[in-house]
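Next, two complexes with chain A in common: one pairs it with chain B, the other with chain C.
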Partner chain A sequence: MEFLGYITLGIFLGLMLLTLFGYIRTPVQTVLVLSTVLCLIIGGFFRYIAYGWDSVVLLPNEFLGGIILHPITALLTGLFLAGGLKASGGFEALKALLGYLRRSPIGLVGTLVILINLPVISSLPCGRILAAALLPLLFTFGFEGGLGILSKSQLIVLIGAFTRNSMGSCGPSPIGGVGQIAEGFLGSFFPTASDGILRAPQAFALMLGTAIVALFLKFVSQKIYPNDVSLREAPPGFETKRGSEVKIKPPIQGFIALAIFVISLLIAIFQPLGKMPVQSVLVAGALLMIVVCRIRLNDLLEGIILLPVTAMAAGFLAAGALAATGGFKALASILNSLVSIKALGVAGMLAIFVQFQTILPLSCARILTAALVPTLYLFGPAQFNFLSWSQLAIVMAAYIINATTSCGPSPLGGGGMMGEGTMRAETGFIKGAYTFASMAIMAPMAAIFMKFLNLSVFQPSDPEFVRNIYMIGAFALVIAGVNVVFIFLGSKLFNPKSSRNFFIQLIGFLLSGGFGGGILAFALFETEITKILQGILGGIIAAFLIGVMVPKVLSKRLTATLSGPTT
Partner chain B sequence: MTLSELSHDPLNFFWNALRTRGVRLVVYAIVVASLFPSSRFILLIAVILSLGIIWWREYRFKQDSKFLYLTVFVVFLVIGYIAAFINVSNIDELRLGMSPWGNGILQVPDGKYSGVGQGYRGPIKLEVQVKNHRIVDLKTLDYPDLISVLDNQIRLFKKQLLEEGRLFVPGQPEMLRGAQETLTGYVNAIQDALSKGIPAFPQYNWFSRLFLECFIGKAPDRVTLNALAILFAVFMVFEYAFQSMLIPGTGRSINCYNCASCVGVCPVKEVEGVQMPMGLVLLTRLGNYERVMELSKYCVGCGRCAAKCPIGNSGPLVISAAFQAAKEQKRSTSTENKRDTA
Partner chain C sequence: MSDPERPRIGEKRSDSSQPLILPGIHRYQFFSNLKDRGWTLNLDRVALFGIVSALLATVIKPILRGNPATIYCYECRACYATQDRCPVGISLQAELVVAGRVLDYDRFIRNGGLKCIRCGNCQSYCVQYLPLPKMFEVMQHETRRAIVAGIVPKESLTRVLEQGLVGKEFIDDVVRAIA
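Let's look at the complex of A and B:
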């Protein structure tokens, strides 16, 4: 029966890879359902031979048991609220508030920084909600959008960084975020895990990663792909409308809806009215919007983005099918065998594992998260005992931030394509920047944050607290500093030859990947030199797999997208 | 879709009803209400309020009589409620004098009686044996969570009850989740069983029972509200996906990833705040065909979106299907209007 697990795991991974490389051009949910059905048929056949019909009858219940309803329904209710916000002019109100900020002492630059980080501040359950609402606004800052405040290069950075921040904000979201899947598992040891144990590490790492994305887009992507963004530069003599303001007059209902949204969010997070599911709070908020802001039920429905919902459901089904047929056990034993390779060990294997979703970026992070978090959980005291509970929480933080940001660089209709569409870039333009930031900054930073702050038991007078804060600051500086140096050095070496640029970029990926792997190993095993070296090697392997999948030339990929894969 | 259609073309009537979102929402509400008694009262209020607001507008602008029908229904409901309330109050008053609690056991002749009470995990079914006007035995016939009735709280109460031989108010259980509800349900089941033994024990009339069962159900609580919120989310997403399955050609709109890569290559990009063509595909998915019809004139049909879409969705194809649906909707509306006028 062990053999069955390898077969079903092979089917699942094979189908995912075929989809990723464009050989299967159907929605990824379809592929997941197909994988589920295949796994169940084969599993049923094997079980019939080995244990008889009664065992086959149990199979449907076993795979349906993989569905976790809470994140699905929480996501849905979050989307309803967003739909209500959109219909009642809440986003217009938000734009007006940003307009006031622009006129405040923080000025345009400060406002843009807030704007870029708005997704992580609001932490909606899917980054696409805010991206769909605000990307058109960002476009207006350029020449083609009318204002002409920003140059083409600046607009690329702005849109790219904002989209990066959006397509990661589903991680720390308390209203159906991806992180909640992992928090649920950690809850089996940490009693308050479901209150948001992973939220702060993810948010912090995402903010730092967003800044690195901005630098990468400015100094690397624009040099490697100089002709792949069709935004136009303002002609000489074009007068910017810096002085004039775009008159946005949101309806009063917009402000009310925004207030309802914020209050609902606060009630859902802090639960001042007693324990209740976030769904109840959000549905109540949405219904209140219908009554107060005079919107319709259809407006709530308009907020639904089916992809994350169905992807999560399909991901759970696929995970359930894999669990029922021993696929996860097979995966765990493969990873176990990686551990037995001396050069890799546990640290090396984990350095690869946390980058798994960046290596295999699908259109929604939830698909693989639903399938792989249970595997990661098994590395802890629950089964393999590679990690203690605290170490598991650290790896979970690194894994989840990597996972939640994986829809950004996905060429399968990932959220990053919204940014590419807005900046009129070819598919794959942002992939290098997004994967680099996830791999080199976010994963190690989340691990460090988890280690030094979230897992520490501190009191106001505890000197350890201050020390931990300093440690995080120091690590943030080192991690960001090293990668900034890599980006600057790389940018000096680029020339028009694409293969050379690709090679230089790959070297940068390997160096940063190794560094990130080492940091992760340090977060887990502190100063054990062997483990750190193993982590570095694992990081390099992961970085190689990520780096080679960053497109060398975009036009070829576009051709493939337009006409399907060519032989 | 008119009621007269039901008589001469019932199949078409039901098909049209299925394709109408409002009807589907009411059907969902009925399904939930029939499965979850504690949700009935909330759902009834929600449906009446929603229909009231919608039909009031139609009444104001088109003098549509649906609002009047609803008003009549509500009036009947209120009259029914008053009638049931009066009956229930009277019976409860009569029951006070014939209560099986305490010395009320003296009214109960020897025999075995079964009763039901609502516990934390569902209904508790008990059998009570009375001998010489004393409770001499208690058997749990059915409860989904047998562990609860075997635990210390219930066991202690049962022991005291058999010692006393009559029904008394149990002490406050320890702060265990669901213990209070289970103990209350257990006591209610005993009360129900003993009441059956009292000759001529006053009963609510059939109308009150039917009315309370159909429209009020059980008292709504916080758990019901939470469950309803989750069910609301699930039904809404089903409804959202179901719409495009009913209209030929619009089914592919379900596949949209909201990635906006089509917007990047579309020569039109945005019209009246709607991103082209993604916005039209999403409006199709929502079933807002009229809006798609209005905006479809801006689509130049170049098909670049189909080439760029990661799953090969064609904007113009979806838009033309929605256009056809809008035309069909308009045609059927005008036919209905003509029929009404005639």
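Let's look at the complex of A and C:
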């Protein structure tokens, strides 16, 4: 039966790769359903041979277990609220408030930075809630949205960075975030782990990573894919009109709807009325909008769009079929077996392991995290003893932030597609930026943060607290500095030849991946040269797998899709 | 004959012909741009029907089986923090919740569901304070019914019995089913 897992994993990966590279020309949700059906048929056949008909009958129940309802309902809630805000004039009210903020000492840039980091500040258990509710607002900052405050290039950066921040904010959430999966396991040794041992490393890494995403989108993505964002630039002469400031007069219902939105968000985050599902609070807020702001139920329902929901659900189905047929067990076993390769060892294997969800980004991080965190846990004192408890906490921090952010670059109904849709970009536009930041900045930074600060906080006897803060500052500067240099150097070398640009980008990924792997190995094993070299090699292998999956061109794919098969 | 509705190569597509991704925002996406790919439309419809049916089944099933609270689970696994506070040593409580939602008997018994004594220690770790003991109890009854009806494969029951994952109140039923 172990063999079955390898077969179904092969089917899933094969179909996904063929779709991503444009060889299968059907919508991704159809391919995911096809993968599900194939896995179930083969799984059913194997089970019939091994255990008989009873086992086959139970297979549908098992694969349905792959559906995680929470992100689906979160997305629907966000869309519901977006519909309510739109109908009541809430977005207009928000624009007016942002206008006041722009004129305050923090200015436009400060306002946008707060807006971009709003998801991690609020840390809801699914980033899709805020993204669905606020992306339509961000769109209005451009010429087409009416405000015309930002140019096309700036709007791409704003939307891309906000979506990045959103699709990672579910990690540090204390009310059902992805990070709690690992915190639960770390509770075996750290008594207060469930208070949020992984929260600060994730939030810190996510903020830094968001900034790097903004730079990458500006200096790399826009140069590699110059014609793949269909947002319109303001026509000549619009600049002068903009100078006179667009006067926005939102209706009073807009302010009320906004107040209801903010209050329900605060209740959902701080739960002053007792523990309850975030979605319920937000839906109650939306219903209150109907009563107070005199909008129709239809206005709320109009906000709901099923396409992203069904794409995500299809991802869950495929993952469920894999889980039911042992595909994830096969995956964990493959990753585990990397230890026996001498050039990789434990450090190299871990450098690949922590990047795995960015290598294979699925529609929700929870799918693979739930399957792989128990495996990672077993690398510690609980079974294999590759790592001590402190080392395990460091790896968990790196792994979880990488995993949490993996729904961003997923083309299989991932949250990043909402950002791509908003900026009217081809699927894959943001993939390079998102995967680069997760791999090169977030994972190593979370590991360093955990090593030098969080373990001190959770082990209060550590006397070197202040020195450790300096260490984190120094490492943050070095890690961010090196990657910023790579981004700038790369941007200088790009030219209209897509193959050359892809090659330069891949080299950048390999260098940053190696650097990140080395940092991770250092965080774990300090100055053991062999381990650091193994970490670098593991990082390079992971970076290669991530880098080659970043699309070389986008627009040619579209043309090929439109023209159909060539003979 | 070419279809006048279908876009041609190089033709600029209008916003309104693109699928919606968010209110007022249209999607430019080669994967799901159904209008560009008429030959797969029926296949896509079948797939969509499958997805929606699966979603409905996931929601309706626990309601009909008297275990609706399982729908609310975030699957955040915060309950794993129970650790050794679980008197019978269950370490993956969320697995039991998911198993209860979809009636996955094998997953339930494999993760120690039949060992649970419903003490409620894990409930305090749930970020939503979901009634975990009640949910496990409902699923225990469902599983017992399935075991008695011979639906659960004997191999699974033998394995969990050998691993000591069956509580004393269920041992008789499990042994009878295996025999």
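Following the convention adopted for this analysis, the second predicted complex is superposed on the first by the 349 of 567 C-alpha atoms of A that agree within 3 Å, B and C clash if a C-alpha of one lies under 4 Å from a C-alpha of the other, contacts with A are read in each partner's own complex, and residues count from 1 in each chain.
Heads up, the rule we're going with is that contacts are C-beta pairs under 8 Å (C-beta built on N, C-alpha and C of every residue); 3 or more make two chains touch, one makes a residue touch a chain.
Here the structure is a predicted model, which is why all the values come from computation and not from measurement.
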Which superposed partner A:Pro174 touches (first chain B, second chain C, both, neither): second
Partner chain(s) touched by A:Val283 [first = chain B, second = chain C, both, neither]: first
Touched partner set for A:Pro411, first chain B, second chain C, both or neither: both
First, second, both or neither for A:Gln154, with chain B first and chain C second: neither
Partner chain(s) touched by A:Arg424 [first = chain B, second = chain C, both, neither]: both
First (chain B), second (chain C), both or neither touched by A:Ala82: second
Chain C versus chain B, contacts on chain A by residue: C
Which of chain B and chain C A:Arg128 touches, first, second, both or neither: first
Touched partner set for A:Ser498, first chain B, second chain C, both or neither: neither
Touching partner for A:Arg366 - first (chain B), second (chain C), both, neither: second
Where chain A meets both chain C and chain B, residue numbers: 25-27, 69, 132, 135-136, 276-277, 302, 305, 307, 411, 417-418, 420-422, 424-425, 427, 561-563
Residue ranges of chain A in contact with chain B within the complex: 25-27, 69, 73, 76-77, 80, 128, 132, 135-136, 276-277, 279-280, 282-284, 297-298, 300-302, 304-307, 309, 363, 411-415, 417-418, 420-425, 427, 561-563
Residue numbers on chain C that touch chain A, as the complex places them: 7-10, 19-34, 36-37, 40, 43-44, 47-48, 50-52, 54-55, 57-59, 61, 71-84, 92, 94, 98-99, 101-107, 125-129, 150-153, 155-156
Parts of chain A lying in touch with chain C, wherever the complex brings them together: 19, 22, 25-30, 33-34, 36-37, 51-52, 54-55, 57-58, 61-62, 64-65, 67-70, 72, 79, 82-83, 86, 125, 132, 135-136, 139, 174-178, 180-181, 183-185, 187-188, 193-194, 230, 274-277, 302-303, 305, 307-308, 310-311, 313-314, 317, 366, 370, 373-374, 411, 417-418, 420-422, 424-427, 557-559, 561-563
Chain B residues within the chain A interface of the complex: 21, 25, 222, 225-226, 229-230, 232-234, 236-237, 239-241, 254-265, 270, 275, 282, 285-288, 307-312
